[in-house]
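Chains: A, B, C and D, in written order; residue numbering restarts at 1 for each.
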Amino acid sequence: MNNSALSKWFVSREGVYYLLLALLLVVILPLVLDPFRLNMVGKYLTYAFVALGLVMCWGKAGILSLGQGVFFGLGGYCMAMFLKLEASSPENTAIQSTPGIPDFMDWNQLTELPWFWEPFHSFSFTLLAVIGVPVLLAFIIGFAMFTRRVGGVYFAIITQAIAAILTILIIGQQGFTGGINGITDLQTLNGWDIRTDEARTTLYFICVGMLFLCLFVARLVQNRKLGRILMAMNAQENRVRFSGYDVAAFKIFVFCLAAAFAGVGGAMFTLLVGFMSPSFIGIVASIEMVIFCALGGRLSILGAVYGALIVNAAKSGFSESFPELWPFAMGALFIGVVLAFPDGLAGLYRSYVMPLEDRLFRRDKDKGAPVAGTAASKPAAANENDDEPVIDNYSPEKS
Amino acid sequence: MNAAKRKSGDFLLAVEGLTVSFDGFKAVDDLSFYLDPKEIRVIIGPNGAGKTTVLDLICGKTKASSGSIKFAGKELTRLKEHQIVHSGVGRKFQTPSVFEDLTVFENLEVSYPQGHSVMGALAFKRDRAVIEAVEEVAETIFLTDALYEPAASLSHGQKQWLEIGMLLIQKPDLLMLDEPVAGMSVAERKKTAELLRVITRDHTVLVVEHDMQFVGDIADRVTVMHQGRVLSEGSIEKVKADPKVIEVYLGH
Amino acid sequence: MKMNKQSTTGGTTGRWGLGRFKLLAASLVLAATANAAAPPTEEVNTTGLAVTDDTVTVGILHSITGTMAISEIGSVQAEKLAISQINEAGGVLGRQVEYVQEDGASDWPTFAEKARKLLRQDNVAAIFGAWTSASRKAVLPVIEQYNGMLYYPTFYEGLEQSPNVVYTGQEATQQILASLNWAAEEKGAKTFYLLGSDYIWPRTSNKIARKHIEDMRGLKVVGEEYYPLGHTQFNSVINKIKLRKPDVIFASVVGGSNVAFYKQMKAAGFDFTEEDPLLLTISVTEDEIRGIGGENVEGIYASMKYFQSLDNPNNEEFVAAFKEAYGDDMVIGDVTQAAYLGPWLWKAAVEKAGSFDIDKIREEFAGIEFNKAPEGYVRIHENHHLWSKTRIGQAQSDGQYKVVYETEELMEPDPFPEGYQ
Amino acid sequence: MFDGYTTSEVMSIFAMQGFAGLSLFSVFVLMALGLAIIFGQMGVINMAHGEFMILGAYTTYLTSGFFQSYLPSLFGGYFFIAMILAFLVCAALGALVEWLMIRRLYHRPLDTLLATWGLSLIMQQAYRSIFGAREVGVELPEWMLGAFNVTDLVQLPINGLFVMIIALLIAGGLYLLMYRSGYGTKVRAVVQNRPMAEAVGINSAGIDRATFALGCGIAGVAGAAFTMIGSTGPSSGQAYIVDTFLIVVFGGAQSLIGTIVSAFGISQAQSTMEFFMGGSMAKVLTLLVVVGILMLRPEGLMALKVRR
C-alpha cells in the first residue's frame, strides 16, 4: 500500500472502525480506568488474540477447533518458563536443596534443570518459542488431519481430546511443569519488575500494540486472494480443490495462523497476570474462547476484540454482583448467539447501525461498487466489499 | 478397433484396465478408452453405469483400485487432485458448484491459474492480465453483463456456464463436464452446445450426458457404458444401431 | 461498579444463601455502644486500611461457583459465623467487622484478580480465603506485593511459609506422621498402598508418607498410584490392591473421584469395618461423606485435626451455633473448622498488637493462643502455621467420625520437613 | 510383578481384571449409546449429554428419597422405577430441547455443538441452584451392595453386574428398535435420504424429535445406573464428555456396532494399562492411541466405505 492508498484507507469506513477501536483502547480506557481495571482489560484482550484466530480459522475457513486453549497455554507456558528461570536465580533460591532451579522442581526432588527448560534462559529463544511451539503443534495436528480430510465435528472432537491429554500431562508431570498450580510467582522480565502498576500499564500498551499487529495480519490475509480462497473452501471445498488448490495446505496455514495468534495472546497473558496454569488449556477454557468469537461475529476481525472484551467484562461484572446467575447468562449467550444471531454483534451492527450511518453521513453508495476493467491498478475495487463492518460503540465498561 | 493398436502415448488421455470397487461392488470394471487431442467425446449409459465415477477417477476425487490413467504421457492415478488440475485436467460437477458469495468476476479470478500456493494466494495481485483474462472468458460464457453480480443471483443455467468458465480460465487441455445441460431451458441448451463447439477449438472435452438430442448435436464420438464396462463405442449413429445398446436401453 | 459491603452481626443468621442478596443487616446499636472504648482510628490504622471509627472491613475470597464451590462453601459459612460472633462480642478494637465477599469462581486468575481488588480497592484488613493450593499460589504474589494478610484454612502440602499468610489448617506432616505411627503401633500395619488423585497435594503427601514408612523398621510401601482428577473407574486399582494385600490403604483421592472410589471398593467386597485392609484417608471429611454415603465408608479411618463429633465444650457451642445459623442438616468438616479459626486468630493478633497494621500484627503472631477453638487449644507457630493435635476418627454409618485416637501433645508444624524432601 | 503368588491367585486376578475391563466396557457402552444414535443418525453433537446423564442421576436420587419417606417397604425395588422415571424425564426434556433448539440447527452441526454446550452450562447451574453445590449421596437398597463371592479371591460386584445387564439390555433393545422395527426403518430412511423419506410420507421432523428424545432418555438411564458407581453432583457430567465423544467418533458414526466395538477396545486398553502402570499415564496413552488411530483412519473403525 503506498502513501496515498494508506491515507485513503484511514478515511474509509473500515479505517474509521480501526481508528475508533484504537481510540478506545489507547486513549479512552487508560484515561477512564485505574491501573487495576486497565490490567483486567489487558487480560481480556489476551483472549481477543484467540478469538481473532478463531475468526480466521472457524469463521472464514469453517474449521472449528475446540482446543485453542492448548496454543494459548503453550505460548503462555513458554513465556512463564523464561520468567520463572529469571525468578529462580541461585541467589533467590539459596534456601533450596538445589539452588538455581524453579522452586517446584526442588520440591519434586529434581536436582538439575530438565533439558527442555535450558533454552528458555534466552529471551530471544523464548520469543521465538512463544509463536514457534504452538505453530509447530498446530502444523503436526493440521498435517495429520487435513491431509486425511478430517474436518467438521470430527476435528472439533479430536482437538478437544488433545486439550484433555495435554491437561492431564501437565498436571501429572508436576516436577517439570509445576502441575496443577502452574508456574507462579513470576517477578521480572530481563530485570524489569512486571508487578508494578507502571509495568502493568506499559504491558497493557504492548498488548494493545501486539493485538493491532495481529489484526492487521488477519486483515491482510482476509483481503487478499488467500482470504477469498478460505471462504470459498468453507462453502465449496471440492470446487476449490478442483480449481487446482491444495486445500489441506490452506487449512494447515490458517490453523497455524490461529495457533500463532493464540500463542502471542498466551504470552501476553502470562506477562499481564503474572502466572500460567493448566486451567487455560482445558476443555472449558477452550470452548469459552469460541463464544468470544461467536459473540463478536464469527466473520468479523474487529468483532473478535469486542466479543472478548464484552463477554469478559460482563463475566466480571456479573460474578461480582450475581455469581449464581453468570452460568445462566453464559449458557443463554451460547444458545442465543447460535440460534438468533449467528453473525454476532457484527451482524447486528450491519443490519441496524450501518443503515443509520449511511443516512447520517450520506455516504456515497457507489463507492464500493465494482470498477470496470480500465481501473486495473485498483486492487481495492472488489476488496472493499469484503471488509467486515464492525461495531464501534460498545464499551466493555458499561456493565 | 484401431485405437488398441496405437501406443497409449499418442493419445491425450488413455484409460486402461481401470477398476474401482466400493465394498465389493465394482462401479467401474476393467474399463479402457482413449481420447484424441481436440476430440469431443460423450459418455452415455443408464443410471448406475459408472459414468460419473469415471470422471471422479480421472480427476482424482476417487482413487482407483487398479488400472492406469495416462494424460499427455503422465500417470494421473498417483497424483493429488490439485496436481491433476495443474497437469491440465478441469472438472465440472453435476450440480453447479460456484462460490455464491463471490461475484462472477471473483469466481473467475479465484480460478485464474496463478497464486495457487498459500503464499502465492497471499501475494496475488489483480493486474491487467488477470482482468483481461477474466473479461475474455466472461464473454465466451455470455456473462459479461453479469460480471459484478454475486454468483448467487445467477440463473441455474448461468451458474453452469460460470462453472465452465472457471474451468476455461485455467486453460486446461481436457475439460470434463458432468451433465452440463441438466435443468437448462431449450434456449440455454442451444447456447451451451454453441459454447462447447467454441471450446473444442482449443480443448479436448469429455462429457457425461443423458440428453440424446444434445449428444447428437455435439459429439464426435460416443462411449456407451453399462455396469462399469464399455458396451459400445463409435459415432452416434453407429452406437444407436448397436444391438447391445438397444438391448440395454430398451430391454428392461 | 458498586461496592458490596456487608455487615454481619448477630442479626444475620439465616442460611448463607441470604448473604448473596447483600442484605445489610448492621446492628447499629451494638456498633455504637462498642465504639465508646475504641482507640482512635489514626492510631490503629496507619497504612490506609478500610478502618473507620466504628467498622473494619475484611475480605472473604472463596469459590461459590464452579467445581470447587462444593468444598469451599463450608469455609465461607464458618468465616461468616466467626465474624458475626466476633461482632456480637464487641468487634475488634471496638469496631464492628464488615466483610466484602468475592467469588473466585474456581478459577485461579480470578482469585488473583479478586485478591487484588480486595487489597487495592477495598483495602481490606484481612482476607479469609483460598482453598486449593493452586488458588493460594495464585493469590500469594498479590498478597505479598500489596502486603495483605491471608488466612488460609485448608490442610495442604506444606513447602511454603509466607510472611503474609497464616495457615490455619495442617501442613502435610501434621496429618501424616502421627497417623502412620498409629497404624503401625496400634494396628500392627506392615504394608501400605498409597493412592491419590493426580496433583500436588496427594503427591507431596505420599512422598512424605513413603519416606516415613520406609524409615520405620519392617514397614514397606507396596504400591503408589495416581488417577487424574475426576476419574471415576477404579476397578483396576482395586484388583491391584487385592493382589498386593496391603495392611493399609493410604488414600488421598479427592472430589468426585472419591465418591466413585469408595462405592466401587464397597461393591468389590471390601468391608472396612473388618479392617482387612484398613483404609486410612487424609481427604475424606464429614463434608465428603455426605456425597459418598455413610454406608459406603463405614469403618474407614481419617486423619484430621478436627471432627464434628469432638467431645469438648468449645465444640459443642460451635456445632450448635453453626447449625442454628445454617440449618440442622449441616455437617462440619476439618477445613470448615480451620476456616472458623481465621477471624478469631486475626482478632487476637490485632488486639495483641493494638493495631490493624499488617506489619505490626505480623510481629505478634508467634505464640498467639486461642482457647476457644472447637478443636481445642491452638497456638500460632513462628512459621505462621498452627500447633495442633492429630486425631484419628473412624467413620460411622451415620456419616460422623468417632474419634479413636489423638496425639498427646500438639504437633509442631513443619512445612519444610528435613529429610522428607 | 507376580512373584510369590500361587497360580490360582494369579488366575483369580486375571479373572477379576477381565471383569474390571468388562465393567468399564459396559459403562462406556451405556455412556456412548445415547450419543451414538443422536450423532450417528442425526449428525448432531450433543455436548449436554453428560448433563442429561446427571439429570437421570438426580431423578434417581429424588425417587430414592420419595420411597424412603413414603414407601419404605418397597425401597428394595425403587431402582427399577427410578430408571424408568429417569428415561421419561430425560426423554421429555430431550424432546423439548429438540423442539426449541436443535431442529433449527440441523444444517449447522458445529453450531449445535455450541448451543448444546450453552445448554449444559444452564443445566449445571440449575442443578446447583436446586440441589446445592455438594454432591448428593444416592442410597441403594441393601441387595445391590456387596459382591458375589465366586471364590475367596474372585468377587464380582453386584452393582457392576447390574450395570452390565442394563448395558446389555439397552444395546439389545436398541438393536431391535433400529434394525427390526418400523421406527428403525424410518430412522434409517431419513438418515440416508431425507427428501425421499419425506416423499414417501415419513414424518421426518417427528422421527428427529423421537430420536433425540430416545438418545437423551438412554443417557438418563445411564445416569441412573451410574449412581451405583459414581458421583452425582452438578458438574459430574463434564467428566464424561471427552471419553464419550471419542468412543462414538472412534467407532465410526452411523454404526451402533462400531460404537460397541470401540467401547470394547478402549475399555480393554485402558483397564489393562491401568493395571500395569499408573492411572494418569494409562489415560494419557489411551487417549493418544485413539487420537493417533483416528488421524490414520478418520472415518472410524466400522464406517462403510462409500462413494462420496
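In this section, contacts are C-beta pairs under 8 Å (C-beta built on N, C-alpha and C of every residue); 3 or more make two chains touch, one makes a residue touch a chain.
Computed from a predicted model, the values in this text were never measured in an experiment.
Trainee: Between subunit C and subunit D, which partner chains are common?
Mentor: A
Trainee: What chain lies farthest away from subunit B once each centre is taken as the mean of the Cα atoms?
Mentor: C
Trainee: Report, in whole Å, the distance between the mean C-alpha point of subunit A and the mean C-alpha point of subunit D.
Mentor: The answer is 35 Å.
Trainee: Please compute the C-alpha centroid of subunit B, do the same for subunit D, then give the distance between them in whole Å.
Mentor: 48
Trainee: Distance-wise, how many Å sit between the C-alpha centres of subunit B and subunit C, to the nearest whole number?
Mentor: 75
Trainee: In angstrom, rounded to a whole number, how far apart do the mean CA points of subunit A and subunit B lie?
Mentor: 43
Trainee: I need the residues of subunit C touching at least two other chains; which ones are they?
Mentor: Expected reply: 64-65, 198, 226, 228.
Trainee: Give the residues of subunit D touching no fewer than two other chains, as numbers and ranges.
Mentor: In subunit D, 125, 128, 238, 280, 283 touch at least two other chains.
Trainee: Quick check: in the complex, which residue numbers of subunit A touch subunit D?
Mentor: For subunit A paired with subunit D, touching residues are 58, 62, 64, 144-145, 148-150, 152-154, 156-158, 160-162, 164-165, 168-169, 171-172, 283-284, 287, 290-291, 294, 324, 327-328, 330-335, 337-339, 342.
Trainee: Which subunit D residues qualify as touching subunit A in the complex?
Mentor: My answer: residues 39, 43, 45, 101, 104-105, 108-115, 117-122, 124-125, 128-129, 238, 241-242, 245-246, 249, 280-281, 283-284, 287-288, 290-291, 294-296, 298.
Trainee: Mind listing the subunit B positions that touch subunit A in their complex?
Mentor: Those in contact with subunit A are residues 59, 61, 80-82, 85-86, 90-91, 93, 97-103, 105-106, 109-111, 113, 115-118, 121-128, 131-132, 135, 147-148, 163, 166, 170.
Trainee: Which bits of subunit A are touching subunit B when the two form their complex?
Mentor: Where subunit A meets subunit B, its residues are 220-221, 224-226, 228-229, 231-232, 235-236, 238-247, 249-250, 253, 369-370, 373, 376, 379, 381-382.
Trainee: Quick check: in the complex, which residue numbers of subunit C touch subunit D?
Mentor: My answer: residues 64-67, 69-70, 73, 198, 225-228, 230-233, 235-240, 242-243, 255-260, 263-264, 266-269, 287, 289-296.
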